[in-house]
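Okay, got some structures for you below.
The two complexes that follow have chain A in common; it is paired with chain B in the first and with chain C in the second.
Moving on to the complex of A and B:
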């Protein structure tokens, strides 16, 4: 088989931030970035789970300051390029992006909720104007149609995005959804299209393969799936599957397997698993990164975290709206108190 | 003699038109001019229908009618306001700036209305600033050694027009600056989320703060008092989560339901900044009248 060459992006040190409540250590960055470089992944993404400027009381404070994280990773990489996630509304050009350019970040993946691409215009243009690479990221893609995704992706392309990645941020998509959405974009765009999976419904690899078969040329995977909620598509499984299917890629299979073994050891306390909460998060279509804060708030308010997820799903919350967890959990606790009252 | 303060509104978009409806209702204000560039814009047509003098000559119309005007609301753009501000000053007309130009004194009525009455140009900060600054101020009054204050607003996608979207960084910057200035806390962060859900979500704002020893009882009292004060000029402002401690952070959450004047009710973000601007204008109008008496309670149009 003679298949296309696929760009492999590894956001282990960014999405994994959610899995450990943003407590990734300097040592973990140093060790994993070294392994990623050896594995020849095309890009390594580093930073807070919600990207530049997102260390906050809203989402969680990072243990290691952002510029420190980027400096450490930069020092480990030469072939593998350094990437960051950027969400306008969290990061600003002046406050974070300019500094990240100075620290030697190669790629800025500028993201917005799947219907709000115009928020990324200035940030993508800025990155392109200073001569760095910029991709557009559409998040929570289960919440809209393939037609809207194409329209939004075209906006990002017109701002200068050199690639568009669809993120199934809630792990709520099925392979047929991915086939249609990626297929539509691959046909309708001039720039390459990518896919970023979450495993809430156990479909991260199946969805990633569906994306590749539908024309995706970029794929995200993290070591042992180290990422939000039930984790991402494990990069070691992804690369193995791509090898078997005949896709070309730069990454070295054995070294990717080694990096995953290392991740097993480095992140053992916080490796994502499929559990009651992550499954419900996927069913409810709520951003995977909400898992830890939902569990924490549900415990404090003595409510079922699954009810919190379904209620958040009802309210169609988007990534970044973590504060609503407190409101919903408090509200459920209040309702529970009323229904627990002895009936006279 | 009509004791009402005579106002002009410059800029006939959503903000300007909603301001017009609010100004007409005010017993203290009389709208003498609604000026923009396009007589067939929906705002212009609404103003004309309401019997308000309209002009498509923009700032020039203000200059021509300078003798009839005491106060101007500028709802154009930051760029234009910078050009206009010198003219307003020369004409001796108080300017209430709804753009992000930030030339004038930052005004959050629940916190510093009195002070702003001395100024000839006041800036209404930002929608998120109007919702969060008073809460941050109340938290700062009730606690010591505040290390950090953060504010997160969620607004309906449909309430965020192209100008809001392209100026997102400036919004965050201005809101952070206002939080710092009014609370005295040197570290702050502002976050904005746009939510496209249908039916549209109401504006919600959460204020988080970090401090070594939060005084919850004192904070609750200070915040409740502040919410009451804001409700006097923003009727749809309500606390939906009273101050609580979770995971080492103090959190307060409010929701703003718009009055539904020109804009839909979900656009509380636009309503609150306009309510604040009207509160400023009415305070100015009352100061002008001083002891001369009170304006009649009827508006110029039914």
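Moving on to the complex of A and C:
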């Protein structure tokens, strides 16, 4: 079968940042970036889990300063291009993006909540004007329809985005959702469409394959799924499945498998697993990156983290609203206290 | 190195040297230009300043714009000319024009593709309601000789691939059920309203339908193929073509565009519509190659980087009517137009 060539993007050193509370070390970056280069993945994404400029007390401080992370990764890469995640609000143009351009970042993946593409115009335009590649990222795609996603994606395309990636940030999508959403964008856009999965409901590979079958030309995967919540689509499984299905790609399967073995060793303390909290997070449709702060807040307030997730889901919170986690946990604790009072 | 101002001035002088006689009716007149600080507006001012300075046309111009002060600061060589009177305002709220106005060019419109996706309701309001406001105001003028409505080559709907060029009588079905349709629909509505004004009030109105252009003052931030190719070449990036490069467009140089609009104002027959653009087709792959040749090292050209099945389209005007009735000709061939544009963008 004559299959399309697929661009493989590896955000292990960015999405994985969530999995270890943003404590990725310089040594881990050096070793993994070297392995990713050997594996010939098209792009390696590096940085804080929430992207450029996000390291903060509110969403977590990175162990290694951002510029150091990028410098180390840059020094390891020649064929594989260096990518960063950008969320307007965290990343400013003059400080973070201009700085990253100077450090040799090749691709800026400018993200916004799935209904707020308008926020990305200045960032995408700036990146294109300085001669770098810009993609648009729509996050939390389970929260809106395929029609709205197409409208928002068209905005990003009109700003100059050279690719559009849909992120199932909460791992809440099913293959038929992905087929419809990616299929709609693949038909309606000029630029290539991509998909970024999370594994909360154990569907990351199935969803990624559904995306490819529906016309996606870009796919994200992380080593051993090292990423937020229940993790991402494991890149080693993804590449293996793509090979079996006859897709063309640059990555070297054996080297990808080696990189995954390395990830086992490098990130063994924090490799994602499926558990009650991640499953509930997927069911509630809450951003996977909330897992650790939810567990912390639930412990602090002595409430069930699953209840916290469902309540956050009711409130339709999105990435960047981490400060609501404690508020919700506190509120649940207060309600629990009231219900525990003896009835007179 | 020649300055950017001098490069533009040379272009304005060159196009006028061949056709000043066509513009004679405009001498000693008062012209009002809405959208007078946009891409076309700026070029119109360049040509009018040469007509006054070199050919003693003694034209007074009312330049209507949302941000005239910014323009005056950015382009003092135009902003400080005494014959240009800058008027600040939003076309949606225009109520009257300067009383002594003889000619009107309605160029105010939102043409940025990014806005079609992001803020389509504003595009519709500005382009459609703005035209109504201007036509009402023009209708009240005592000395009005002519109005030129700047419409768009997109009002025809998609060009069938088997048709070489589309003339002013062409029409094809257009879909109106997506937000991106607003630009073409707003221009169609403006034309329909203009026709209604002509019918009701005998407004002396000429419609021009511009196609695609290239030249100084065109922002490289605009996501069009030619601006993308030039910007990516300047910044040393590969030139990316979504499809196989077989999509066809034609590009007219900015000085010709402005001259043809002035010629329509001076020579156009009321009730007539004229295509403005280049009749020379060029496919995107060839265009990318032409642009890349101006850079060392030549940037790489990548095709089929978009979704598979990317549609091939064609948009090329037939301009025989404008040539015949306005007396205009294309004076800057595409290769020269590209060279001039690249030189301007890389000059200080």
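The working rule: the second predicted complex is superposed on the first by the 344 of 344 C-alpha atoms of A that agree within 3 Å, B and C clash if a C-alpha of one lies under 4 Å from a C-alpha of the other, contacts with A are read in each partner's own complex, and residues count from 1 in each chain.
Note that in this section a contact is a pair of C-beta atoms (placed from the backbone, for glycine too) under 8 Å apart; a residue touches a chain by one contact, two chains touch by 3 or more.
Fair warning: this is a prediction, and the values are worked out from it, not measured in the lab.
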Clash or fit, chain B versus chain C on superposed chain A: fit
Partner chain in contact with A:274 - chain B first, chain C second, else both or neither: neither
Chain B versus chain C as contact partner of A:34, first or second or both or neither: neither
Partner chain in contact with A:122 - chain B first, chain C second, else both or neither: first
Chain B versus chain C as contact partner of A:162, first or second or both or neither: second
Partner chain(s) touched by A:318 [first = chain B, second = chain C, both, neither]: first
Touched partner set for A:25, first chain B, second chain C, both or neither: neither
Touched partner set for A:151, first chain B, second chain C, both or neither: second
First (chain B), second (chain C), both or neither touched by A:186: second
Per-pair minimum CA distance [chain C against chain B, superposed on A] in Å: 5
Doubly contacted chain A residues - partners chain C and chain B: 118, 121
Of chain B, residues touching chain A in the complex: 148, 150, 152, 154, 157, 162, 165-166, 168-169, 172-173, 189, 191-197, 201, 204, 206, 208-210, 240-241, 244, 246-247, 249, 251, 253
Residues on chain C engaged by chain A in the complex (per definition of touch): 113-114, 116-118, 179-180, 220-221, 223, 228, 231-232, 234-237, 240, 242-243, 305-310
Complex interface listing, chain A residues touching chain B: 53, 56-58, 88-90, 92-95, 113, 115-116, 118-119, 121-122, 143, 293, 296-297, 300, 315-318, 320-321, 323-324, 326-327, 330
Residue ranges of chain A touching chain C (in the complex, touch as defined): 4, 117-118, 121, 125, 128-133, 151, 154-155, 157-160, 162, 186-187, 189-193, 215, 217
